[in-house]
Amino acid sequence: MSRHQPGSAFTNQAPPVHFPHWRGRVYAILGLLVALGVAMIFTTAVGSVQIPFSTTWQILLSKLPLVQVTPTWPGTLETIILEIRLPRVVLAGLVGGALSLAGATYQGLFRNPLADPYLIGVAQGAALGAVVGFLLPSPWHNMGFGIIPLLAFVGALISTAIVYTLARVGKTLPVTTLILAGVALGALLGSVVSYLIISSGEKMHGIIFWLMGSFSLSQWSEVKVVLPYVVVGVVVILLYARPLNVMQLDEEQAQQLGINVERLKLILLAAATLITAAAVSFVGTIGFVGIIIPHAVRLIWGPDHRFLLPLSVLSGAIFLILADVIARTVLAPMEIPIGVITALVGAPFFLYLLRRRRRIIF
Amino acid sequence: MKLKSLGVIIILAVLSLSIVTGCQPGFQPGTFTDDLGREISIDGIPQRIISLAPGNTEILFDLGLGDRVVGVTEFCNYPEAAIAKPKVGGFSTVDVERVVALEPDLILATSIHEAKVIPTLENVGLTVVALAPETLDGVLDNIILVGKITGRSQEASRLVAGLEERIKAITDKTESLPESQRPRVFYVLWHEPLMTVGSEARIHGLIVKAGGTNIAQDLTGDYPTISLEAVILANPQVIIAGSGHGSGEDSTFQFAKTEPILEDIDARRHDRVYEMDADLPSRPGSRIVDALEFFARFIHPELFPQI
Amino acid sequence: MQDVCLGYGRKVVLKDINFRVMPGEMVGLIGPNGCGKSTIIRALSRIISPHSGKILLDGKDVSRVPRRDLARLLGVVPQMPLLPSVFTAFEVVLMGRNPHLGLFQYEGPRELAITWRAMEKTGTHSLAERRVSELSGGEIQSLLMARVLAQETKAILLDEPTANLDIGRQVEILDLIRDLCRENSLAVLAALHDLNLASQYCDRLVLINNGRIQAEGTPREVITPRNIKEVYGAEHCVYTHPINGLPTVLLKAGNSQSADMEERGA
């Protein structure tokens, strides 16, 4: 420790190597963007039906506006690639990115490494809505739009609203009461869902499959609905990355540094909950992504949210796209629920993290 | 002479017309309503059919359409020929890629596919008809419907006629039985948890037609759980246990036969616990009438000794 | 530019607190443990609101000023803050620039330079790459000083800024604070435990006791034997510094209830 000299004396040391650190992380973001594109193309080429890669490539190319490729492939292959696989890959990317970002946001807001996007009852609310949707009689299902995602979304929003109302103390939203209220309501809703499942008869199988999360039967119409919610939510959260850094100090200090803590909590919670609800409503509750990916990113690239957040989005998207490929090809034509894949990968990774506690990562 | 040749020409013309309109007498293109209330229009005789449920597969093979079937589920195990067909999915999960790759012109689904599978398939332009019969008569109607859609109306009518005869042979004797002569029947669907059939299940209809009383008839839903106490209280005189479940398992039957708590009920004391291949009464195909006949023999051996 | 504090009370912890801090002036807040020094600091930075009365900063009511503007005017060095253990020292000090950055702005080269300079001034620049979890209490306190310097405010509140430091660093830090106070005309209010440091460095002192201001004025006026005895219960400790004539408190074993003398440990 050098001694302070009176007056303004600058040592002639230059500021240390911060810029390269940032540069490295920026490169990482770019790298992951490229990786995402590559992953999407490759996973579109893989499926339970064998399609040569060159054909896939040509089909994808032919859809680009200015490219001219003469079709030499049967229409069914094009249908499979463009109407069945591609929406699925895109949706997996969106959901993976959304859940990872929501998880990172919750972990940052609550300053708690165990936070995940389902902490405050979103998943259970969506599950309840979806199960109700499943149990509705036929006429409800013929309305031209999906009744299940709609009810799941509504359920997610209602349960979040309830938790928020329960947890509010005057004008503030204490973090611990929020978590407690979320866990309590989640448990209550979960038991209702369990009861409904038991009494659902032949639909039980479909419901359980949905709850474990699945990208099968994804359509472009679903992607179109999920996309705006996720994009808006992601943009909002990314913009608040720097204040989220400052929030890692306790709330008093953050306030003293000029952060309007209550407003920030509200905005970030709303955005994170929105993208989680949108993701879960169409796809079911996929576990581990929201909690593991942010930790992995933190371990590799550090806790600075300006990089942590975008890297989480990209990593989560790639992870889920790859997990989905595994889910649909390993036991074709049967599909493994994607929650199983993420748990199989996530659980050992979690244990690995625990073993590395020597190097504190949170 | 001229008249005769004119007549020949006319007959030839009619025949060729019918060849043009679908190759077989009995097929009319048109709009059909399936069991989910959906309207589907079929323009030509389907040549490549995919079945998404074992019951549908059985109907297709019953009507002699086996060679037109290009895809079935993992669980379609009857008849033998179905096992060799390409697989497109499991119970409620369907591999849409494989379905599309097989280029079907007709897909037979059921009610569990309603939520997601059917919209997805229709989204890529495929024709889906859903069969979801709630009663034995519903199954017969389905057979007729499939016959109409596939241009096998005659076979369907013949098949249904035969089935109706067999059914009638039973109901003639059981319809008029008063309550006191209807034994209490407990159908064990599964033993962990203990599940039986409620008033909305097809099997319930079988029990009634076979001249019995379902002890669970007041339970709502199609496959409710029931407690052991309720079974003991109801004191069934006949127990029928479903076995097989795709794996040759008979644990449910063993449970019914040996569970000590049930020692004192009538069915056990008079040794009237019967085993049955679970597929027969559960699947909505023509074999359900086989199941009915078994039920009749189990419940009223005195009326139906020869089946 | 003044911190003006009019009467206020909070669960009747403190009553009728009135004092002023002028720019270029360093005012010390002294009193026994738990007398409410931290409470005053928190009220001034709008963490808690007064039951009655107003707090004015630069003539404006503190409760009306948007937080970010408030943070540009007033910086706080808290006593035992929670710091995220994975951030580096540099990143923590960099957070001090937050009030000057627009909502969606990121830290640019200017921010980095200011941060770096603040760390040099406090002698913490060698810690820049180290994680917070690896730093000692004293290093962290210096870091907090650097952060408030980086914040470039017109007024600074300090809650026990020297509690964990050895004598040498205490003098360094307080010298630094006083220099900055004079050079940049900052208004500085420091809650201090150590009466001697308060006496040496502060232009004026405010002595809090029993929820009220016991005395206010220059160190000579406030640190009197009578006051010390009344507030701290220690007798015969006030002497005069041999070099600059300011009041000095010295211990003598056998003086009962010398509760005020925090060990200025090594």
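As written, the chain order gives the labels A, B and C, with residue 1 at the start of each chain.
Quick note on the criterion: contacts are C-beta pairs under 8 Å (C-beta built on N, C-alpha and C of every residue); 3 or more make two chains touch, one makes a residue touch a chain.
Just so you know, these numbers come straight off a predicted model, no measurement behind them.
Engineer: Quick one: most central chain, C-alpha centroids?
Structural biologist: A
Engineer: With chain centres set to the mean of the C-alpha atoms, which chain is at the far end from chain B?
Structural biologist: C
Engineer: Could you state the distance in Å from the CA-based centre of chain A to that of chain B?
Structural biologist: 43
Engineer: Go ahead and note the Å separation of the Cα centroids belonging to chain B and chain C.
Structural biologist: Using C-alpha averages as centres, the distance is 84 Å.
Engineer: Could you pull out which chain C residues touch chain A in their complex?
Structural biologist: Those in contact with chain A are residues 42, 45-47, 66-72, 74-76, 78, 81-87, 90-92, 95-96, 98-99, 101, 103-107, 112-113, 116-117, 120-129, 131, 133, 139, 151, 172, 175-176, 179.
Engineer: For chain A, which residues are in contact with chain C within the complex?
Structural biologist: Against chain C, chain A makes touches at 1-4, 6-11, 13, 15-18, 111, 239-240, 242-243, 245-246, 248-250, 252-253, 255-260, 298, 302-304, 306, 360-362.
Engineer: In their shared complex, at which residues does chain A touch chain B?
Structural biologist: Residues 47-49, 76-77, 79-80, 83-85, 133-134, 138-139, 141-142, 146, 148, 198-199, 201-203, 205-206, 209, 214, 216-217, 219, 221, 328, 332-335 of chain A touch chain B in their complex.
Engineer: Per the contact definition, I'd like the list of chain B residues that touch chain A in the complex.
Structural biologist: Those residues of chain B that touch chain A are 36-38, 74, 87-98, 100-101, 103, 111-112, 114-117, 119-120, 123-125, 221-225.
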